[in-house]
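The following blocks contain the structures, represented as structure tokens.
Look at the two complexes coming up: subunit A is in both, with subunit B in one and subunit C in the other.
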Partner chain A sequence: MMTARESAAALAAAFGTAVLRRSESCGDTIVSVARESAHEMLQWLKETPGQDFDYLTDVTAVDYRDPGQPLEVVYQLRSLQRKVDLRIKIPLDKSGDLSVDSVWDLWKGADWLEREVFDMFGVTFTNHPDLRRILMWETYREGFPLRKDFPLRGHYSRAEQTRQALGANPEAHYSMEELSIAAAYDDLPDDMRERLATGERGEVK
Partner chain B sequence: MTTRTIDFEITTPGLDRAGHPTQVPLGVPIEPASFRIPDPGEEHMLVNIGPQHPATHGVLRLVVELDGEVVQRVVPHIGYLHSGFEKLGEYRHYNQIIPLTDRTDYLSPMANNVCFALAAEKLMGISITERCAVLRVIACELSRIISHLVWLGTTGIDLGAFTPFLWSFNEREKVYDLQEAWTGARLTTSLTRIGGMMADIPDGWEDGLRSFCRDFPNTLREVDTMLTRNAIWIGRTQNVGVLTGEEAINYSLSGPMLRASGVDYDVRKDRPYLGYETYEFDVPIGEHGDIYDRYRVRLEEMFQSVRILEQALDRLAGLRGAPVNASDPRVILPPKSSAMSDMEAMIFHFKQVMEGIAAPPGEAYLGIENPKGELGYYLVADGTAKPVRWRIRPPSFINLACLPKLCEGVLLSDVIAINASIDIVMGEIDR
Partner chain C sequence: MGLKSARPGASDTKEGGLLSTVSTLSPNFVTTRLDFLANWARSNSLWPMPFGTACCAIEFMATAASRFDLSRFGMERMSFSPRQADVLICAGRLPFKLAPVIRRIWDQMPQPKWAISMGACASSGGIFDTYAMVQGIDTIIPVDVYVPGCPPRPEGLMYGIMLLQKKIKGESLTDLSLRQEFMVNPDGLFLAPEKIDELSEPFGNSVHQTRSQ
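Coming up: the complex of A and B.
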């Protein structure tokens, strides 16, 4: 039975320089990996006999207070048989391209977790089947709430937020896809259909 | 006049002759084609359920696409209760986050408090006293019982069984009385502190818990009699919302949802905390992965929780008078009497309240077996008294994500049953 530290060493042996850093904190083993080969590594960890990290505990991201530090996407992996946990991190340069490959094809459980990271941090997951905001509404345009540059009370005053909420179209809460299914779209009032067709979704500039 | 005896058999659907439940082929597997009797053509209907709907167990909105009565697709919409707890936590001292944990999974607040304290202690490298560990086990198991009782009652109502709701809420009230006597609050308990507890249990509290442990299994057995072999209950739950073990792992499910599918994974056994490895209890595992098995797993978990509570009470008797809080002046407030008379104690008190407890740079993830599944707190610290990141691994959020999968091709009424069987709490999903 391999420990998490041995798994991390095996990963480094298999992928060489794509493994950026191995560390431990409070007894947890952490491996930082390069964005380009992250998906391949996660697949390797999941499918290689002896590793068997078959359970994706969590996907999240960390934005540090120090603006120079990269934003990290964090995967918590677990092997149910071996009872071992491993944390994989992908550091992303905040001024650069914030995108990583989705692991939805490996773990279906990543669907909503990655959507939440997208919603809260603005990290895009390529090849994700349905990358939409999940906790915030789809027309939310203030930014990404869990980033450190997002103020605790939001960018707008309470009065402005109320004004925007009242100014939004109620149909903005339905996605085009939902409304275009079958008969529902035809039953809408003409003006509403027009607004939807022209892409006006109640966004306040 | 002659009399005649006619032999005939009285059968109940779902029961064999001995009265044992059999698998009734209702619900899944359904060939959607066989239900298109009045062919609705290509026209599908959209039904909006929620966010204000009693059967969605909170402000959950489901958009259901129907072909006749057969569900083609379910799109859940969440976020109506989003409160930004994770963001708020970045602006709070560690001990100030504990009241926020009450409000995430508000059906088991004490277990959330325990999980946060454990995660912060892992981050800071603090060890707790034996009595504290036993008290926390009691808090966790009481939470499991009240959370499962809410699940049992409300799911029963969703499926048309009203009586178990009254029984389970009656029992839940007793736990709430205990909770109130211990913490002063029924819902927002804020029970733990880093390195210890907010308060020790009051005098005579053990007696109340003992009498609860004595009476509660009787109520559970009555519910068992009412539901487990009830033909309607069986018909509505067996073979509905089936998930195989492999799928359940792939969807990252946890808790009773995972175990009902036959996967033997319980954090208490596999990654023990609070000395759970020293308690004797069994982990119930289902085999069919349907709603019925989820019900059986949760019901049995409550019996097992009572077993753990009894063992914890015995240990508590041996630890009478033992300290509850760790003797670490960095994290534990000095007693009020010495804070008012001793200079050093007053300084510690002042520094802790005003500056908070600084955690060394580092990060820690700690998961515990909450009633709904694996609740995990992931803390990242940079050496200040406030976390850089406080991530909640929300079990109901991840369990709910498989709802569209579970609802493929079922009837509309089964959507309600399946949604109920996941045991969600919106405070935790939206956070």
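Coming up: the complex of A and C.
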């Protein structure tokens, strides 16, 4: 079976210069890739037989103290059958456009993970189905808290922060579907509709 | 009669008649006996509304459970509905995202009501002097008793509750100002902005914490 290092080499062989750097640190294999082909590569890693990175452990980002360093979006992949981990990083120039393609179409679990990266770092994920803040409230205006240029206590005075926080509507954090499943009933897939109508007890196929 | 409340739905109409009669009397045998009776009843049947947000809530659960047994103090019934609660116990740090929630719960509680701030975080922001955290719930709602500790031991919380009972026993029905609430501005601030800034000033080690800007 292929080790993570071999997977990284296979990825480099398949994609050539789009793989920017391969390294190993503390037993983890790390591959830096170009933004343009990142989605294609992740799909390749997920779907190619022998690679089978079928589980997305985490999506996160790193902003380094050094202003010259790029901001990195990090994907931590795992192959459940092969028990191998691989880390993919996309370096983004901080002064440029901070957007990458969403991998929600590959792993549905990326939904909230990407929302969190958007909320904390301001990275936008194109083709994400519902990209809005997840930890901070939706009307939060101070910026992206985990960026290194964000002051620890925030930009505004405490009084202003308190005023804005109290002005938020506690119920506005939910989308309509979250508030009422009944209202979203018609948009649900058939099997889910059936389960909702008859309860969870169905036939086990 | 001058019983004014900023809160809609304050229960002043029913008590109003009685209170206005009582408040025109100077403290005398009747009013002090009435105070004694009302305070005795109130202080020994406080129904807490637990607002547990963090680690302090674990210690609060320990206080309510069999070993320490909060019900010995008449707090038999945890009230998970603010409309049936007397005392709001904020156990844990309060992020700004929850600020409108605790304010709404406080507004929904009928008078007479009291608040206990349990733990360093609820009282002052504690170790979290950050962008996300309210620096003391007293910038959001009025607080009667602060219980220090991180987290306070159950004995600490019970001592705080007994202090609150003591405070309630000293109240008087004739003192209508106890039940008045003021908002300084329509945004829902109950303190003046300068006051909030002053209360939220970093102190202790925290003054060295600002790393950027």
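Throughout what follows, the second predicted complex is superposed on the first by the 165 of 205 C-alpha atoms of A that agree within 3 Å, B and C clash if a C-alpha of one lies under 4 Å from a C-alpha of the other, contacts with A are read in each partner's own complex, and residues count from 1 in each chain.
The working rule: a residue touches a chain if its C-beta (ideal position, glycine included) is under 8 Å from a C-beta of that chain, and two chains touch if they have at least 3 such contacts.
Note that the structure is predicted; figures quoted are calculated from it, not measured.
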Fit or clash between subunit C and subunit B when superposed on subunit A: fit
Does subunit B (first) or subunit C (second) touch A:142, or do both, or does neither? second
Of the two partner chains, subunit B (first) and subunit C (second), which one does A:163 touch, if any: first, second, both, or neither? second
Quick check for you: in the superposed arrangement, does A:26 touch first (subunit B), second (subunit C), both or neither? first
On the A-aligned overlay, A:152 touches which partner chain: subunit B = first, subunit C = second, or both, or neither? both
Go through the superposed model and pick first if A:112 touches only subunit B, second if only subunit C, both, or neither. first
Does the superposition put A:50 against subunit B (first), subunit C (second), both, or neither? neither
So which one touches more of the residues on subunit A, subunit B or subunit C? B
Which partner does A:67 reach: the first (subunit B), the second (subunit C), both, or neither? neither
Note down the smallest distance between any C-alpha of subunit B and any C-alpha of subunit C in the overlay, whole angstrom. 5
After overlaying the two complexes on chain A, where does the subunit B footprint on subunit A coincide with the subunit C footprint? 135-137, 145, 150, 152
Complex contacts: residues of subunit A adjacent to subunit B: 25-28, 30, 54-58, 60, 62-66, 74, 76, 80, 83, 85, 87, 107-113, 116, 120, 133-137, 145-146, 150, 152, 173-174, 178, 181-184
Counting only contacts in the complex, subunit B reaches subunit A at residues 42-46, 63, 65, 75, 77-79, 82, 84, 86-88, 91, 122-123, 125, 247, 249-253, 263, 265, 270-271, 362-365, 367, 374, 376, 378, 380, 382, 388-389, 391, 393, 397-398, 400-402, 405, 430-431
Taking the touch rule as given, give the residues of subunit A at its contact with subunit C in the complex, in rising order. 135-137, 142, 145, 148-154, 157-170
For the complex, which residues does subunit C have touching subunit A? 96-97, 99-101, 103-104, 129-132, 134-135, 139-140, 187-189, 193-194, 196-197, 199-200, 202, 209-213
